[in-house]
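Below you'll find the structures, each written out as structure tokens.
One chain, chain A, appears in both complexes that follow, with chain B as partner in the first and chain C in the second.
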Partner chain A sequence: MAQGIIRGVDGIYLDWAATAPPYPDLSRAAAELAVDLFGNPSSAHAAGRAAKTAFEEARKRLAKALGCAPGHVKFTSGGSEANAIVLLSLVYAASGGSVVISAIEHSAVYEQAMVLERFGIRVRVVKPGPAGIVRPGDVADAVDADTRLVSIMAVNNETGAIQPIGDIVSAVRDASKGFRKAPLVHSDAVQAFGKIGFKPAELCLDAASMSAHKLGGPRGSGCLYLARGLDVLVRGGGQEDGIRPGTHNLAGAWAFSQAAERACADLPASLENARSLEARLLDGLRSIPGARVLPDGRVPASTDYSPYIVGAAFPGLGGETLARVLDDQGIYVSTGAACSHAKKERRVMDAMGVDRDLSFSAVRISTGRDSTAADIDRFLEAAESAYRRYKT
Partner chain B sequence: MDALYLIKLGEIGLKEGNRAAFQAALKHDIKRRLSGIKTVLEVRDGRYYLVVDPTHAPLVEYVLSRTPGVNGWARAERADKDMSAFAAIGVALMKAKAQNGAKTFKVEARRSDKGFPLDSYGIARELGAVVLESVPSLRVDVHRPDAVLHIEVREKAYLYTDGEPGPRGLPVGSGGTGLLLLSGGIDSPVAGWRMLKRGLALEALYFNAYPYTSREAWDKVRDLATVLARHSGGMVFHTAPFTDVQLAIKTGAPSDRSTLYLRACMMMAADMLAKRRSLNSLVTGESLGQVASQTAENMRFTESYTDMAVLRPLAGTDKEDTVLEAKALGSFDISILPYEDCCVLFSPKHPVLKARFDEEKAAFDALNLRPLVQAAVDAVETVALPFSFPA
Partner chain C sequence: MAQGIIRGVDGIYLDWAATAPPYPDLSRAAAELAVDLFGNPSSAHAAGRAAKTAFEEARKRLAKALGCAPGHVKFTSGGSEANAIVLLSLVYAASGGSVVISAIEHSAVYEQAMVLERFGIRVRVVKPGPAGIVRPGDVADAVDADTRLVSIMAVNNETGAIQPIGDIVSAVRDASKGFRKAPLVHSDAVQAFGKIGFKPAELCLDAASMSAHKLGGPRGSGCLYLARGLDVLVRGGGQEDGIRPGTHNLAGAWAFSQAAERACADLPASLENARSLEARLLDGLRSIPGARVLPDGRVPASTDYSPYIVGAAFPGLGGETLARVLDDQGIYVSTGAACSHAKKERRVMDAMGVDRDLSFSAVRISTGRDSTAADIDRFLEAAESAYRRYKT
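Let's turn to the complex of A and B:
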């Protein structure tokens, strides 16, 4: 296990989808860079110019990792802000129009879309199939002449389900042929970039959101891939071509670009490791009497699921309870579930048609670059014994 | 200069036979709550005179407002025994009242020093005249004044204005010590507060269902006990690990019985702990009919597992009134935090409403839960929550 990396926290970290432990050398180097190149990249003097050079270097590096032109990379404070820039660009139009999202979007898209409703913009929510995957045809059916934005995530953060973004883009383009204005197609790719291959330009997306801390970079750093113009709601000093005003975060952008470069370079090996852990985990879960994989039909090495994220259910044992017992043993997983049928919802699982008894007993196990087979075995062992002891 | 407080005693003044004991209990309780600071506390003519260093005034005033047995208190100014000294202080006090919006006033004088040249009527008249002259915005109204200037001429003289209310009731501990079954809900802290005001000191017992409930749920109940500790002057807080008892009920009992049986086990555990701690009663936050399972029949069943007095001060209280009391107590905002006490897995959708006594006892006893309950009581963890002044 990555004991050496997770300083101050002893234990088995299986919550990489929440955040990845930062690369220690990058964190330190970024801190030094913030001191050494403290100039504002927007300043015309030498201190500013030096910072600007480094900043543009980071942009090029990140663009390379994304497989796109540097001019299409806009640095942001993270994935949520990148999503918000796109969604909030719709509020200018006099006639509201509509947006199409999926029912399994992260709250950073879903809740922001709900805000748009208050501006008179209709939100159409497309449900996934029981496997947690949105059908391109369903998205296309939801698009009509007044649709201005389609936003479908690349990889679901609870189930790992990979959405067919390329096909969705094609279906939307076909559906909107002949419309006066084609909708902007965006994808929240926070769980995809640097983990599974994700090239927004190849997918013909107009926009995509990425986050640094999911792949070993720092918090507060992310980017928006943007291949089209936008009406930006938040205005300021005009940075990032006016798309994201605010003084540039050089250290954050630099560390993000470095982490992305590493993640993409290591991607084939990481993916192979993740697939073997996924197989071990899925097999292990299915050998625990009563335990279930979510969704049920998921098999190892399927190209429909990110191997880094696995949803599991332990019917009869609340997800929070299991996570607590595991936490006591130094095993860290996450859950969005609560031990109450009435008060909390499980939007993603509900949309997939997962029974509440299952979804409220769900936990998410997510692995990363340092995860090992021993981590998975310890989890399985602890989960099985907790399930036996506390199942009701 | 010292700060002087006049403390008016409540109900304890009425109980002829017990007066001395109650007065001693209240004196002891006030001194205990203020044990961190130097105090001089004297009882004269059914009143307490408390002298402290003025730097401690915020603490003292906080404590006096929360000590059962205190009917009210006022911070008094000590004056030399002559009219010009009375006038100087009296005018200053009334000017402050006028600035706070008072339009009318009267003077209430008491004189126990019969050697003073004026009688109480004379003192009131002369002092009132000076105030009227010096504070032109005030008029006299002897029936419904906005402000009252009190003067007491004893071996020394004291002036004060309208006091602050105390909680009334009886001194904590005068009724012995009971065990409060404390949950994270709204009711049980209020039930505890009511019994504190009736003179019952309290220890608190929480039934912990970890890992079905969270650490936050425990923290929440501890915070509620801490709120009560501010009113009781500290509290002993017990946590009984009840997970195994709950699991045994879940496994062994019909699901519509689980709430009833859990409550019976709680009563049994509370009984064991109270006897071990030499406490005299159990206190619960139950209110008749508040939830479907809180029926007289069910209460009869659960309390058959103790022979101690089970005090239910909220039995006849409307929930809305309990909420108002919880807000005044300072427990409400904690109680409504979302950390649940008891997992829904253990709460039946349709609990049994009216336990049939003999039938239910036979079924419950057949489960033989007493050893598990005993084990939970043996494993109780106890922390002493000190009185904390939220500065």
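Let's turn to the complex of A and C:
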């Protein structure tokens, strides 16, 4: 990305997995829509109906991008809320039973799942292999007759590892044959939808969570794909078929649907660009003496990894330090999930069996629709120079 | 409001309690802010820090409008979510005990409270008097040693009745003296903040819920005032001191804070305008043969009612029918809360002891910053004519 293309940031933005810059034209058009169609979509009068019509058009547009029927899309305030709706529905329905998650889930699933233990719901945590990929067989082994929910993310936000969701769904269905009730299978797909392609219905998922701001839509918008109804814990005005209460955010839903449509239309070209940048980055990292790709065996164009996210380690130099040195030069990467940087937590890397020495020297480089080869080169140059200068 | 001032609606908008048209300049400026300061406020790098700085400025601005310290303001996706955070914190902490609410709460409190019964938490529902006002003594009587939460709204959304929150807080504190633990006192203030003035700290509340879109801010933004920490049920990335997970919605928070500042600055003038419209409306309603003000005894400029919200009944003509006839003429009123119109529910009116014949003939007229005497006159004229023509 050329410097200054993103206003407010004179630099190289390589943290698209934390958030994507919104499409400026959609942001502006949504602001006009909020003014023009200000009615509450739940109001019966013409001002409400006009807003409702636009809202339902947004739902249809988003459903098309997701490859599902509009009735299966419920708008939420974001990916975190979509995850919480699914996990907390267990608390509403009954106590007891178990849930199966992976050790590499985003905290919106992981921390929420841990709360379920207060309600007598056991949480079984499946570790990924050293490549950061969860094995369908391991998930199936963790499922038993009392399992009520399986939640495995589609793409890991730190390593880019694509989880075999289709195979996981099949394995869970097979494992739960003969059980009185099969578990709900859910996937947090915020790093997949609009990036690598993600169709929850094709994958036979029961539920999936999407976020607008990861693909160029606004903050504060997301959606939940639901194959069927759900008894939810959070109640109120009955919006979204009772799945998510609160006045509809028309501007947010509209911009999300437009951004999703655009991201999905541009997906082949974006992916091609991302793969070329991934190859450049992986090659470049391996040419820096001592630097490592995380996981080690990752090769360019592997279908096991999202090309938009690359983990790298610089043993002997703290990831936080490297990120700060790069930051001073206007190059923006992260050391993990944005929301966990303060916690100094390395849960994902630990689960993959990565040494703490290595994981604490890790940074995440993530690209997006506007990223360029020059961005990668600037990062590599600056990282190599910082590594040479500061490593202990 | 002159016709066409609100684009997309050629008509007379008298449903401001459902949602207020956003301030157009703030909507547009927020869209630019979302583009300029696109970083994730949780990111450590310069793009994140720039967004974080603006986010914290928004918190300070909003706190000033609320008359509290910035640390006591937690941004949410709206009033409903703020209510749910407080009510569901009980479920996190323990089962059992009781909560006290009024019979006239918005469904975001009422329906959510009913869910608490699944967790062994008894819900005591206090009825208002015939004027739609909850008596502090009745609330205090409902509180006992096992009461964990009292939640009474600040302004009723159907009648405009201002609840005596300060007196209710005192009465609850008195009633719970000597108890091992005093109940948390919360107020849903979405119809009060920025409209009649509302300072949760001055009222000695423990918690209060506010909504941006009720005062000219964007949909999808709200906040929770919290006097102290809370163990919440919904978990994730730890944002808002762990009170509300999910990527910060900077544009939403910014526009909310600006709209709140403006609404509070304009409050004396807005209130004066609203009181003059209220007087015109109450006089006009009483001059229509057979029409009634709900509640009957309401007089102009009474400090017991928000002047922005007036309930009226047209016995012998269904409220839904009247609203539809007015709608056809481009005059937009409602028959209750926007989100309950489909449910044909009259919970608030029932609780006040209003006859079903009367409550099913009720409409709500609600004004806002741009409402004019001409709007009221057009409504009165059209309502009188419709009533004469269609009443049975």
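To be clear about the criterion, the second predicted complex is superposed on the first by the 375 of 392 C-alpha atoms of A that agree within 3 Å, B and C clash if a C-alpha of one lies under 4 Å from a C-alpha of the other, contacts with A are read in each partner's own complex, and residues count from 1 in each chain.
The rule is short, and it goes like this: a contact is a pair of C-beta atoms (placed from the backbone, for glycine too) under 8 Å apart; a residue touches a chain by one contact, two chains touch by 3 or more.
Only a predicted model underlies this, so the values are computations on that prediction, with no experimental measurement involved.
In the overlay built on the shared chain, the residue A:S302 is in contact with neither chain B nor chain C.
Of the two partner chains, chain B is the only one touched by A:Y390; chain C is not. By the touch criterion stated above, A:Y13 is placed in contact with chain C alone, chain B being left untouched. Here chain B and chain C are compared by how many residues of chain A each touches, and C touches more.
Once the two complexes are overlaid on the shared chain, A:S276 sits clear of chain B and of chain C alike.
When the two structures are aligned on the shared chain, A:T372 is found in touch with neither chain B nor chain C.
Once the two complexes are overlaid on the shared chain, A:R324 sits against chain B and chain C alike.
After overlaying the two complexes on the shared chain, residue contacts for A:F38 are found with chain C alone; chain B is out of touch.
Legend: residue contacts after superposition of the two complexes on their common chain; A:S221 is shown touching chain C, with no touch to chain B. When both complexes are aligned on chain A by C-alpha atoms, chain A residues 320, 324, 339-343 touch chain B in the first and chain C in the second. Touching chain A in their complex are the following residues of chain C: 6-9, 11, 13, 15, 18-22, 24, 27-28, 30-32, 34-40, 42-48, 50, 77-81, 83-84, 88, 91-92, 106-108, 111-112, 114-115, 118, 211, 213, 218-221, 233-239, 245-252, 320, 323-324, 326-327, 330, 332-335, 337-343. Contact residues of chain B toward chain A in the complex are 210-212, 214-215, 247, 250, 338, 340, 343-346. For chain A in complex with chain B, the touching residues are 316, 318, 320-321, 324-325, 328, 339-343, 390, 392.
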